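A, B, C and D are the chain letters, set down in written order, and residue numbers restart from 1 in every chain.
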Amino acid sequence: MKNNPTFKRIALMGRHQPNHIEDTLRAIDGFLTAQQYPIVYDTETAQRLSYPLKQVPLEELHAHCDLLVVVGGDGSLLQAAKIAVAQSLPVLGVNRGRLGFLTDVYPHELAIIAEVLEGDYQEEQRFLLSAEIFHESQHITTVEALNEIVLSPGNIAHMIEFEIRVGDQFVCDLRADGLIVATPTGSTAYALSGGGPILHPALNAVVLVPMFPHTLSNRPLVIDAQSHVEIQITANNEAVPFVSGDGQKRIPIALGDTFRIQKKSDTLRLIHPRSYQYFQTLRSKLGWQNKH
Amino acid sequence: MKNNPTFKRIALMGRHQPNHIEDTLRAIDGFLTAQQYPIVYDTETAQRLSYPLKQVPLEELHAHCDLLVVVGGDGSLLQAAKIAVAQSLPVLGVNRGRLGFLTDVYPHELAIIAEVLEGDYQEEQRFLLSAEIFHESQHITTVEALNEIVLSPGNIAHMIEFEIRVGDQFVCDLRADGLIVATPTGSTAYALSGGGPILHPALNAVVLVPMFPHTLSNRPLVIDAQSHVEIQITANNEAVPFVSGDGQKRIPIALGDTFRIQKKSDTLRLIHPRSYQYFQTLRSKLGWQNKH
Amino acid sequence: MKNNPTFKRIALMGRHQPNHIEDTLRAIDGFLTAQQYPIVYDTETAQRLSYPLKQVPLEELHAHCDLLVVVGGDGSLLQAAKIAVAQSLPVLGVNRGRLGFLTDVYPHELAIIAEVLEGDYQEEQRFLLSAEIFHESQHITTVEALNEIVLSPGNIAHMIEFEIRVGDQFVCDLRADGLIVATPTGSTAYALSGGGPILHPALNAVVLVPMFPHTLSNRPLVIDAQSHVEIQITANNEAVPFVSGDGQKRIPIALGDTFRIQKKSDTLRLIHPRSYQYFQTLRSKLGWQNKH
Amino acid sequence: MKNNPTFKRIALMGRHQPNHIEDTLRAIDGFLTAQQYPIVYDTETAQRLSYPLKQVPLEELHAHCDLLVVVGGDGSLLQAAKIAVAQSLPVLGVNRGRLGFLTDVYPHELAIIAEVLEGDYQEEQRFLLSAEIFHESQHITTVEALNEIVLSPGNIAHMIEFEIRVGDQFVCDLRADGLIVATPTGSTAYALSGGGPILHPALNAVVLVPMFPHTLSNRPLVIDAQSHVEIQITANNEAVPFVSGDGQKRIPIALGDTFRIQKKSDTLRLIHPRSYQYFQTLRSKLGWQNKH
């Protein structure tokens, strides 16, 4: 450890398929411990690992670290992001050997991790969305997402009818399989498969992507992220649709009910190596440099 | 005329197919003249009309009016926009019976025009793009656009190879029929046919839409409008492509040369009736309320 | 009734929302009865109606009629199609006032119905698909469709991994929300919303449309309808997906299992008025003649 | 040479950028000559090469060979295809190190070329299109294509108005940048960039892909290849558009004039190695197996 690094105490997290990531966690642990960095683990990660370590409850991580290092894919980082935002912790993502949009340090790049700790890094603010769900005008629950909030059909029917409002303005009635409301971070994930555009991460905007709309001219719509989006489910749908955030936590939403999506005030502090370039990640992940 | 209306002196413009618009121009002229509003015409419009009127040179319009009323389609307003921006004149668009994205007063709504003049209106700032074209690093000319700057192939080959940079960052090499760089205003015009998203007019963003890209994952990219976009034509293209703005003024661009697109600092002051709603125009123009 | 009409005995069917269609059924019944055409109803339709009529069990319709007239939307005709094919009955669709792709007689066009009965009509053969579902190589059940067979995710995850084979050839591994395999008839329905092409009904082809594929170059694929398509669900999916036909009958399909889609040998005899034109229906339903 | 090989006399062709392909031509020549196969070259290829060889006029190739081996990319094979069809010669494509859709033998696979000559190969029939262009009802000229016939705008305006008929039926009026009419062979080329589906090569169908259509619901349309397509340019276009085949031979087409596209009766005999699989080429060329 250099004198007075930027990040002095590190939390390591990596839960998904620990058999694939234990080696990486152990390597990072060994490397940083050798440099005198104190390492902690959240309880859940700790319980899956087979080597001695210091564990703390998830909700107390912020008291024991300055930086959360997440080992895994973009999905792991999505989960960690909510914890990081709640505890105001910056996050560095280490992938499992294949570049992610959010996890841009390779597991063998231990030297880069050291550089980051010493202050040689880029920090980006990535915003999140919250969807507040109401039942008969009573607030029921809130779904959060770094990537996207999705309205999906329930079990039986695939077509949902709903009304979209942006700000106070009526946008349209839509008949579709659902709706994706994505952040710039999420614009290269599910929304991209659905035909949405790529939103540069520095953009303060969200994109509404209708899923399989019945009317072919219902195209993706990009709006200012300060606008709130209100969705009302039409009363005469055949099945109960649901709302999810980042592919998790499916909340059913009753016919006639409403949910409202807006930008959260807290943002994710996403840490990148100094050499990180957003467009380099795009080129690599989307195969733009492949010569077919 | 009420006491002290907001807009006291009016310029009328309408050049395209004057046989279709003379009736509308005459009706507006008669209606406003009866209310004591002084009316002027630019020379070119004046010369196409068959009734007595006061004409002034195009470049002196601002000295004789507070508001430019354009009769015609969106194409007419695109042309008038450059003049209006250069002379800091607000613009109101009157269509020829069919709603436009930019011309949202119907020709029979004379009362609405009166209300606008008296101060009952909405004003939007719509930004323009400029494309500065360089030959061997020397600035050659500038193309402006309210809708979009387009890079298109020349006569023979349809595939162009070029490199895109945003800010100082390399984005990608692209092989495509061309590239559309559109403002929010232009996002519902040519860029939409090319698969681009709809950008809300309040958004400070531009969208880059690759035209028929060879690599299918080259998708529309939305960036902050403050970023400048730099396009370099690869040296080994077979034909000389060209750059145009709003479908006008085609400037050839030599192989190896570069052009740079950025937001103009001056904006168009676009005047709408009080009742104008952007999403209502979208629904109408894109057929969202049709029941097929 | 003219001497020796082509269709001598008529079955009327119309179950969906009978309150909307009872008037139409009654009008057709009155009109044809006055011309001495014997009319029967299937039991289910009959039970929803409030006027005296002759009813026969659904499976015996063919013994009592030469033509099945279905009143309702395209969805009603989709359901009736399976019965008609099983009993080799031609079908004429009467819509509820809004043109359908399959129901092209308007309810007020009683004279056209008479002309059809007298032999003045066009007949098209529309083919159906069957999906045979296997569990551990044992055939479990069969799903049929006039429009499309769809592989959809189950409740939790939205991404499915599966392998596609056409004929004996491996096509690709796919990660997507699902897959639509559509007939020409279905190409203007759900598959069109999913980005598929329009297949002319005379074409002996099916289209495979990946739903929200993870790899953007996974595009719709049109193959000869004689080829059979085999889908194997990858063993490591997180949720159990299901197979449906024409939006009905959802059959869960276990991880590792397979289903095979092929053209049925029996076709639907779809009856149109003499004046029917396929492209006229396309123009009307897709809004091609709208002037926006 | 084995006793009695299937192809006894070989013509070698490779004109594009001969500096890149001379080594490959020389290697094939040496390999086959050593096996006693007589080799000829067309005059144009011969003149670009620097080693001794036997040359014959292009139009007499068929009298001197049983198989035309084309070295180059898909573009080279497109050009050779017209000659091969005119002279009823089968064609084998050897790429320049990067797989093509039509050139599927790698330059180092000399043993595979020998196997093909000895009869170990697959043969496919690929059909071509012809576009007959009429001026004031007089036939002017014919454009042929293995990939696609394209209607493109001339210099100034990018929007063309035209009417499409298929068979004797009016399809629609279209306002677009143009129209691509592609064969299955061409469906993975320009038409794919334009949003068209992939048509399996065994399919007897063509796809009409509107280019940047003004009406968003104007989607790709797949029709039977036996149908002829008739395009009439509307009289009131601003610029003279043109018709091209496989990116070559641009024929201007006057306002009000017509061209008719139909399948040619002669087909291309395309030779593949025994191990060739169409879907393997798709996976490779479209990056379907990439793990991003």
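Note that contacts are C-beta pairs under 8 Å (C-beta built on N, C-alpha and C of every residue); 3 or more make two chains touch, one makes a residue touch a chain.
Note that the coordinates shown come from a computational prediction; the quantities given were computed from them, not determined experimentally.
Novice: Would you mind working out whether chain B and chain D touch using mostly the same residue numbers, over half shared, or mostly different ones?
Specialist: Counting shared over all numbers used gives more than one half: same.
Novice: Counting C-beta pairs in contact, which comes out ahead: A-C or C-D?
Specialist: Output for the comparison: C-D.
Novice: How many angstrom lie between the CA centroids of chain B and chain C, rounded to a whole number?
Specialist: So the centroids are 46 Å from each other.
Novice: Between chain A and chain C, tell me the centre distance in angstrom, where each centre is the average of that chain's C-alpha atoms.
Specialist: Their C-alpha centroids are separated by 40 Å.
Novice: Averaged over CA atoms, how far is the centre of chain C from the centre of chain D? Could you give it in whole Å?
Specialist: Whole-Å distance between the two chain centres: 37.
Novice: Hunt down the residues of chain D that sit against at least two other chains at once, touch-wise.
Specialist: 192, 216-217, 219, 286-287, 290, 292 - these are the residues of chain D that touch more than one other chain.
Novice: Chain touch graph shape: choose line, ring, star, complete or other and state it.
Specialist: complete
Novice: Which of the residues in chain C end up touching chain B in this complex?
Specialist: 98, 216-217, 219, 284-287, 290-292
Novice: For chain C, which residues are in contact with chain D within the complex?
Specialist: Residue positions touching the partner: 166, 169-173, 192, 196-200, 202-203, 205, 207, 215, 217-224, 227, 277-279, 282-283, 286-290, 292.
Novice: Using the touch rule from the top, collect the residues of chain D that touch chain B in their complex.
Specialist: Spelled out, the residues of chain D in touch with chain B are 150, 152, 155-158, 176-177, 190, 192-195, 211-214, 216, 247, 250, 286-287.
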